[in-house]
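The following blocks contain the structures, represented as structure tokens.
Shared between the two complexes below is chain A, which has chain B as its partner in the first and chain C in the second.
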Partner chain A sequence: MSININNLTKRFGGFAAVDGIDLDIHSGELMALLGPSGSGKTTLLRMIGGLDFADEGTLLIEGEDATIAEPHARRVGFVFQHYALFRHMSVFENVAFGLRVSRRRPKISEAEIRTRVMNLLELVQLAPLSDRYPNQLSGGQRQRVALARALATEPRVLLLDEPFGALDAKVRKELRRWLRDIHKGMGVTTVFVTHDQEEALELADRVAILNKGRIEQVGTPAEVYDNPASAFVCDFLGGGTRLECVVADGAAVIGGARVPVVNDLPPPGPATAYIRAHDIDLAPAGEAGTLPAIIRLIQPVGPQLRLDLDLDGKVVEAVLDRHATPLLLAPGQAVSLRLRRANVYPA
Partner chain B sequence: MTVSSGFSLFRRRNRSIIPGFGLTMGITLTYLTLIVLIPLAALVIRPWEIGLSGFLHQVTEPRVLAALRLSFGAAFVAAAINAVFGLAVAWMLVRYDFWGKRVVDATVDLPFALPTAVAGIALTALYAPNGWIGQFLDPLGIKVAYTPLGVVVALTFIGLPFVVRTVQPVLEELDTELEEAAACLGATRFETFMRVIFPVIFPALLTGFALALARAVGEYGSVIFIAGNMPMVSEIAPLLIVIKLEQFNYAGAASVGIAMLILSFIMLLVINLLQRWSRRWAGV
Partner chain C sequence: MSGHTPKSRVTLSEPTWVKALIMLAGLGFLGFFILLPLAAVFTEALRRGFGAYAEALVEPDALAAIKLTLLVAVIAVPANVVFGIAAAWAIAKHKFPGKSLLLTLIDLPFSVSPVISGLVYVLLFGAHGLLGPFLREHGVQIVFAVPGLVLATMFITFPFVARELIPLMQAQGVDEEEAAITLGASGWQTFRRVTLPNIRWGLLYGVLLCNARAMGEFGAVSVVSGHIRGETNTMPLHVEILYNEYNFVAAFAVASLLAILALVTLVAKSLLEWRHGAELAATARRH
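And then the complex of A and B:
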């Protein structure tokens, strides 16, 4: 179901954790709230869920004003960062909790509860563990119980706070794919909070990037990656190395080399350019439009060759394809760099 | 070969990186023997001179039975009162910030520190028919001092800190996310407390209850001042032991002591089993 957020503001003391945010989340969408810690993303999620209440602004869920509604009245499912499972209840009872509460009308029969809980546990692949207690489960399993519990009440909106934050890399990758499948299957509007840009770009239909309680940019993963609206967004989405430049004749001039600009060109004059590590090539020395640099460090990481290069005293990071780099490279070696493209923002 | 490899496996399994098992085990046994076991053994050996039938005769005397009933009954009631109000105090101290919280927190420990005789005298003065509180209760026909009710008041006083101090840390550890999760799932406040919070703090509450109960059963100093010590009515078992000692009836005193010991042991065992059951989710 759609969510419309207008000028939502939340202050803690004098500090505005969420500062006048406008955001529309479409029905059935998988939306990521991405930002560094302290950017207000979790507070925004909690306000959507009814766990915190806004000082100003309005929040509509499916067109109804839900700004001050109680959490259960919003019919949202919330998955907490640390799962918040009831540790004195079995997996089955945890998932059944929302179906047994007295506010539930009409009452659901015990047989019906059993069917629905087991179907959900089937969905999260935990049916054989329904009698276990939470502390007998691994982190990934607990996260799946938390998700099943949130889905049991058939929420209109599913909210997840740093859903994979506490898990190791492999489990995280599995759960990501699995969450996307579940979202596709159920079609429930889903909002999740993350500080991991890769997670946001990989999983979400659209990403909202937050900074200091405000939204910097909203767009599809490709849009925000290809055309970051601000230096902050560019930097946060792996902007690479920051270099000073001068904008002239529709390009950025860095150390005498002309570099094509991919985002909206700022007015001519001094500016800041971000060069992503993938957008740097090594070129034969002295070729036109290249910059001389010295290799400081070489790290082979799986299929990649990561280089730290010294460009006029600034460290520039570059990533090359290890198997497509026939040159023999060594630290201390002088090389030439070709910068393929840059994101440029007014200084 | 198989024997030696089996042996080395056995050795390996017994190795532990945590040092000091031998040392701490030795200290524990010596200490428990000197402080607990030898005195208790003496208590059991003493009535030997009167035999089992003599023992049964001593403990089934109406005056002894009445004293035991009062001691355990009043202790149970006092511990139950403390379980309810101690939980409320602990809840308030953990959940809310208010002016003077530190003072309230410190006040809870006073029953630990105060000499129990002082507490008994103070409570008697308050609850006597002409005391500050007693003068208002007296017209209502409620007599506290010099009655079994007075015994309950004294035992409630000394037992309060046990419940508060055992429940407090568990409440502090309780994640507020649990309550938020319950609220999101549609639980009312009352349901959240009964089904999410209470089961988690119940084991700690039982421990506090058991400690308060054990302390109250053995309490002497504060009770003898407020109880009035009328045989068959407001005479507690520990006082009866002292009376028997003063009459040089050592075997009789020891018999009452053993009866208290056995009852206490059974009670604590039951509470312990109940606690184990209430924490069945904690085991792996």
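And then the complex of A and C:
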């Protein structure tokens, strides 16, 4: 179901945690709210879920005004960062809770509760553990119980707060794929909060990037990565090294070298360029349009070779394909850099 | 490595005789100040045999004191359970102005001398007290009667349940309550199905301590009681009267009941700690 957020504002004391946000979330979409801590993303999610209420602005769910609606009237499912499972209830009872407290009349029969809960536990592959208690489960299992519990009441919207934050890398990857499958299968509009850009770009249909309670950019993962609307977005999405430059003749000039600009070109004059680590090549010394640098550190990481390079006293990070780098590199060596492309923002 | 271990072991541990001395001192202290008096209570109570002991307990004034003590506890403890849960819930789960003031007020009975607490009620409700004339006009007797005893006991045992629950509820946070609300539970359902089950062992623990204090309270109750035999004497007051009359067997017999209550409370408390230690560990030990 679609969500329309209009000028939503939430203040804590004098501090605006969410500061006039406009955002439309389409029906059936998987949307990521991405930002650093303190950017207001969790507050925004809690306002959609009815756990916090806006000081200003409106929130429509499926066209109905839900700005001040009680949580149960919104019919949203919420998955908490630390899962918030009921510690004194079994996995089965946790998932059944929403059905047992349902205000629907006639009451849902015990047999139907049983069928629905077991179906959901089947879906999250936890049926054999239905009698366990939360403290007997691993982090990944708890996460899946929390999701099954949120889905039990058949919500119109599923909200997840840092869903994979507390899990180790391998489980996180599995669960991501699995959440995407479930989202696809059920088609429920889903909003999740994360501070991990990789997670947002990998999982979401669209990403909203938040900073200081405002939205910096909304777009598909490819759009926001390829054409970051601001220096903040660029920096947050792995912008790479920040260098001073001058915009002239449709390109950025860095230390005498002309570098093609991929985003909307700022007006001529001094500007700030971001060079991603993947967009740096090593070139033979003295080649036209290159910059001289010195290797400070070499780290082979899996298939990559990560380099710290010294460019006029500034550290530049570069990532090379380890197997396509025939040169024999050593720390202290003088090399030449070719910058393939840059994102440039007014200084 | 092997050269290091014995050396560090020597520096880290005390000589055996020091350990023995410390342990002896500890045990001696425990024996002298706790076990000896406890044993004395029971030997004095049984000095003239079990017959005299039993007789002292079924004597009408003693029975009246036991009944009154139970009556006071039966009213004061549930009242403080309700208040304690409400206060802890408000303080631990919500933000509101004046929260720290409320916390301080809850601690007040711990910091005020019980005699003063009793005196406050006399000054308020006594014949020459602030509300005395009004109460006399309407034929309500509070001081030197059961209502006064209940009020004084409630005041004294006021903090036990709340103080037990506040740290526990604070440690548990509001996540589970919020989860219940998003799942459609009403406020009451959330409280009954989520909040209350999560605090049940801490609550029971608080009730035990509250009850022990309610039955054993002397100072505040002594001031408001008026010491009317068979009417306004609770067990601790009855013990004092018997003792002042040099009726040692009877005094210690009634005292032994209070001692048994204390022992039962201790056993129940240890059982709770043993079975539900992790949950109770969240509570700061203040009593």
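To be clear about the criterion, the second predicted complex is superposed on the first by the 345 of 347 C-alpha atoms of A that agree within 3 Å, B and C clash if a C-alpha of one lies under 4 Å from a C-alpha of the other, contacts with A are read in each partner's own complex, and residues count from 1 in each chain.
Definition applied: a residue touches a chain if its C-beta (ideal position, glycine included) is under 8 Å from a C-beta of that chain, and two chains touch if they have at least 3 such contacts.
Because the structure is a prediction, the values reported are computed rather than measured.
After superposition onto chain A, the partners chain B and chain C occupy overlapping space and clash.
Within the superposed three-chain model, A:Pro71 lies in touch with chain B and with chain C [touch as defined at top].
Using the contact criterion defined above for the overlaid structures, shared-chain residue A:Ser102 touches chain B and also reaches chain C. Once the two complexes are laid over each other on the shared chain, residue contacts for A:Tyr225 go to neither chain B nor chain C. When the two complexes are overlaid on their common chain A, residue A:His82 makes contact with chain B and with chain C alike. Between chain B and chain C, B contacts the larger number of chain A residues.
In the superposed model, A:Trp178 makes contact with neither chain B nor chain C. Comparing which residues of chain A touch chain B with which touch chain C, the overlap comprises 49-51, 71-72, 76-78, 80, 82, 84, 86-88, 97-98, 101-103, 149-150, 152-153.
Residues 49-51, 70-72, 76-78, 80, 82, 84, 86-90, 97-98, 101-104, 133, 135-136, 149-150, 152-153 of chain A touch chain B in their complex.
Of all residues in chain B, those touching chain A in their complex are 175, 177-178, 180-188, 191, 195-196, 199-200, 281-282, 284.
The part of chain C that touches chain A in the complex is made up of residues 175-176, 178-186, 189, 193-194, 197-198.
Chain A contributes residues 49-51, 71-72, 76-78, 80, 82, 84-88, 97-98, 101-103, 149-150, 152-153 to its touches with chain C in the complex.
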